[in-house]
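Chains: A, B and C, in written order; residue numbering restarts at 1 for each.
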Amino acid sequence: MTDELILDENRFFDSDPPTRAIARELYEGVKDLPILSPHGHVEPRLFSENKPFPDPTELFLIPDHYLYRMLYSQGIPLEQLGIPKQDGTAVEKDHRKIWRTFADHYYLFAGTPSGVWFNHELYVLFGIREKLTGDSAMRIYDQISEKLALPEYLPRALFEKFNIETLTTTDAAADTLEQHQKIKDSGWKGNVIPCFRPDAVINLMDKNWRQHIAKLSKVSGIDIQSFKSYISALENRRAYFKRMGAVSTDQGIFSPRTHELSANEAETIFQRALQGKADVTDADQFTAHMLMEMARMSIDDGLVMQIHPGAFRNHNQLVFDAFGPDKGSDIPVQTEYTHNLYELLNKYGNDQRLTLVVFTLDESTYARELAPLAGHYPCMKLGAAWWFHDSIEGMQRYRQSVTETAGIYNTVGFTDDTRAFPSIPARHDLSRRIDSNYLAGLVARHIIDRSDAERMSRALAYELAKNTYKL
Amino acid sequence: MTDELILDENRFFDSDPPTRAIARELYEGVKDLPILSPHGHVEPRLFSENKPFPDPTELFLIPDHYLYRMLYSQGIPLEQLGIPKQDGTAVEKDHRKIWRTFADHYYLFAGTPSGVWFNHELYVLFGIREKLTGDSAMRIYDQISEKLALPEYLPRALFEKFNIETLTTTDAAADTLEQHQKIKDSGWKGNVIPCFRPDAVINLMDKNWRQHIAKLSKVSGIDIQSFKSYISALENRRAYFKRMGAVSTDQGIFSPRTHELSANEAETIFQRALQGKADVTDADQFTAHMLMEMARMSIDDGLVMQIHPGAFRNHNQLVFDAFGPDKGSDIPVQTEYTHNLYELLNKYGNDQRLTLVVFTLDESTYARELAPLAGHYPCMKLGAAWWFHDSIEGMQRYRQSVTETAGIYNTVGFTDDTRAFPSIPARHDLSRRIDSNYLAGLVARHIIDRSDAERMSRALAYELAKNTYKL
Amino acid sequence: MTDELILDENRFFDSDPPTRAIARELYEGVKDLPILSPHGHVEPRLFSENKPFPDPTELFLIPDHYLYRMLYSQGIPLEQLGIPKQDGTAVEKDHRKIWRTFADHYYLFAGTPSGVWFNHELYVLFGIREKLTGDSAMRIYDQISEKLALPEYLPRALFEKFNIETLTTTDAAADTLEQHQKIKDSGWKGNVIPCFRPDAVINLMDKNWRQHIAKLSKVSGIDIQSFKSYISALENRRAYFKRMGAVSTDQGIFSPRTHELSANEAETIFQRALQGKADVTDADQFTAHMLMEMARMSIDDGLVMQIHPGAFRNHNQLVFDAFGPDKGSDIPVQTEYTHNLYELLNKYGNDQRLTLVVFTLDESTYARELAPLAGHYPCMKLGAAWWFHDSIEGMQRYRQSVTETAGIYNTVGFTDDTRAFPSIPARHDLSRRIDSNYLAGLVARHIIDRSDAERMSRALAYELAKNTYKL
């Protein structure tokens, strides 16, 4: 029957029998390892409040731009999908109707990672056994809704069921980490830790930069009037994050250019920014300098430094104006690392106290720039296949492009980077399957032997993340 | 016997048995679907005149720069291959001798799509059962020549035999479409439609631009003295093309940069061009502006807009001077889409009346820029793997790079883009086989199921082209 | 037993049985062909002196930045690996201890070509049957040391055992080729020939450029006071190299930009350089001009011209200052060929007396720029997958990206490019296996037939190098 939803136990493994058999065995050896999620965007409030998830539409569709961007690309207005508007004007409120629209167009996701993850969630988490179509839409809606009301579907219960050892959230530099404190205070044992993300106080082009600085002044208790006091406030916050369990920082930047300004130059730009007069050049210079500063601070306090360059944010101004950021119109651009990271790597790259994890949206840099850099500099590790490339083919291209030059030990294991908490097991399962399959291909072609593969398999599924992020 | 020409029924499918078996079944389901050829360079005169094809050399080699460029790269002068010179000086006239030279070097094409297509034509169309070599050259020449004299090898008969539902030609903006009119008048039912290609009247660096404008004035009946009248003339011609059956426009451009000029700026550049004084910067600005204008017009009249950027035309000046354009020395360059399409997509990209089909010669943009753009903007579709990438490996890289982000429904099916009419079935057969094999790989790895694959298979072979081009 | 070192006879072949069977048969047909090594960095002194190799650490590790850069990336100081310092300060001298450190970290190379080559050397050359680990380290050290003392492990004996037909070294323009002369004078029949590499006298940014010019003056007997006498001196040396057996030149350049200066411009820059006043722009212009000059000279004297662009040399200044060049911190950059080679190809590209072999570190140019250029211009051939891309996946990407546009006959066969003499058979064996496997995949998918594959297999393993380099 073609409408049955089946999760084959050999899914994602190559179909030739020798490779598949080895892949399956490697996968069996790692599939039940605890999940480390050292980088993501799950809201800590989920666990501090531990309230039941709302209905399926609110759980799956409305927060996930991976899903609704695809429907938008095929002409479904975002209003019709219930995406809230910035000006508060009406959007579709009938979540059953929205779910039906989603189901009618679910065929669009065939062959995409979103489709694969979503099927996993339906099948494993909710016990659904039919494919999502217009016909099955409401039956599935009701089945999920029923489950969401059960105590074992509360966020903390799922966290434990998912066997998550550590979950890292992403938090603004000026965040009070109040939700994290509440989790700690609650006595619940789930290890949910913050990550220090200073983008809003570093990006001078952010329209609300001065407000973010004001907020940073307030939470740090340091009156930010100069570049020096700004740095002190950041150091203050990093120390606070660290006390709250943080092991890492993260920066989303357009370009990975690194360049140290003189104290004077930095101060001059900073003062212009405080007066609301900084321009694009100032902002670029400031970011380049702050990458240097962040590396210096990481050497001091031991937080792992992560950078995520290369996205042209909010490419679709109309969608941005109507619906705000993160609505599926961030588009990658070509990114250069060899020249751009030169200053940082030359100043700090040989210092073993620094761990710099570099991500990319430009796959052409894997073999050309990133693997050679990570395969030489002691500080540098290559982040997992990210965002659009966190996919079956994307992960395979990553391993095939990176391993021969950098080995696997200069990479950092899997990073799910998700906002969608219930998708975490699906994403780690996919990653473990693809890495098992990659290693199986090496074994089947006698490039490595079986014991190598077993060791590497555990490293990719668990140990590399644990070691890199000092978890 | 090693000189036997064999077309294996499982050709181009992966050799592992599970994938191959599924690929074969998917292929069987689409192999006999009618051919839609919504973009190509076949001469309409072929069908208006319906004369017998000349000899094999003139049929296959002399018009096909895919073939003779390879021989040229190995040191065979183009004169020796009968390629006519611009100055009319003598070139080899003995077509049997040229054929022999071609056959002697045919081994160069092993592993290339030209070799694969050509073998298909020999085998299927002409019933040849031995490989083309120096030894077999003249026997094959004679066999083909014999066939070409038969009525069932006339262009219209082949069109019907090939099961072509629609064939789109490419026609200059100032073309009278006289041949298309003749086809209509003849009462023959073959659906051969024009496509509006305004490159010659848009590219200010074209040495004959003013002559093209004069011609455009004449055919449109609009005296082009200003940018405004120029636009009117183009609108006039688009309307005429549409009445003659056109569903699309096409633009070959160096860069896909889009930028709207003020009315004043556009007029100033246009006047400089009319005086023969436009420079490279003018030309770039003008093209960027005309991409905006073409999108606007497409919203008005519904013609699908196609752009083909990224070729450095006539890279070999010596060959260009001696033999003219399109002689195998167009070389791709790196191409940028995220920034370049920004203005157009922001002004028109959310308008569902627009269909913008974007092609590329720069595969590094598939996963990085084009799939994310096509996977978000309602107007945008990604054109098929094009030119150098219209090949077995090229198509596979395309699907593997694009599908996970954009799905298949933001792509447009296959475009043969050929000048070589007899190669059309070979090219569509190849494409259907490769797509079947791609989908089979997804099924074998349980990424999609069999019913998904069957639906997607029909879409790739037929429906996507039909829907995108409104055929 | 997992610590056993096994070299499977089907290694590196795809695991699906049909492809593997064909790959194996193709490989059997070429595995014993003589080795042509037309480009590499083995010291000629090895063969003029024919002394026993020193201990395993000095043989394998200390000269091979492929190996120690990986250990450095994981935090092992280069001093601890015995890499000599520029200032002569102490580094680890205990070669057994260094070997143990290497062995302890040898697992890092799993899945890398270094690991594959090294295992081949251990197994085939030294008869080792256990994997290199901390546990086996000293046993293996002793076994190798024992062998190295035997006469059949002397360089000349190995040269013959390896079945090397021709080995090309790389030699500075001002080199006296004294070692090559000694080899000739010795009466030994091994064909070791020089290659003319003028980088040191072309790169105006080289701090010792004037000393190199002085040396060039001396060896050529031409007092270099002008650009003209400089060119005469180069021509003089090329003629000398040619008399000494050279068939080629080689240039390592940052950018492949070609541009002819006027005689005046060239002279002006040259005079500034002689006065130590040339700047970066001068240097770039000079290199661009010298590429034109080198092509002109190759047309005159028939030496094959090779260019190797795209490496940012000595990216890690700290490592460079302490340990000198070639220590594993050369990092590739994006490289452009279509525009950059325009002038050279337009002036000399249609001249069949020129053979220009172009290498790249930027794989994104394979299908986009290099294959189309090599598939058109008679002079141009595409060099083998180079350096970081001289690997199993790298070679496969190369063939898959290049063949469909350029065929195999516009490529030049395998180039081992190694400093590590004992690794030569391992590298050629790997290359022959990967090419056999690539061709087997084409046969299994019926893209080519078996007789095509056999012909192409011999071409890739032997004939293309022989023909290109006129050996």
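The rule is short, and it goes like this: a contact is a pair of C-beta atoms (placed from the backbone, for glycine too) under 8 Å apart; a residue touches a chain by one contact, two chains touch by 3 or more.
Not measured: the values here are computed from a predicted model.
If you sketch which chains touch which, every chain touches every other chain without exception. Homomeric contact chain B/chain C: same residue numbering on both sides for under half of the interface positions. Centre-to-centre, using mean CA coordinates, chain B is 40 Å away from chain C.
Residue positions 16, 364 of chain C are each in touch with at least two other chains.
Against chain B, in their complex, chain C makes its touches with residues 16, 18-19, 336, 338-339, 342, 345-346, 349-350, 352, 364, 367-369, 371-378, 380, 400-401, 403-410, 441-442, 444-452, 455-456. On chain C, the positions that touch chain A within their shared complex are 2-3, 6-8, 10-16, 69-70, 72-75, 107-113, 115-116, 131, 312, 315-319, 328-334, 361-364, 388-389, 391-394.
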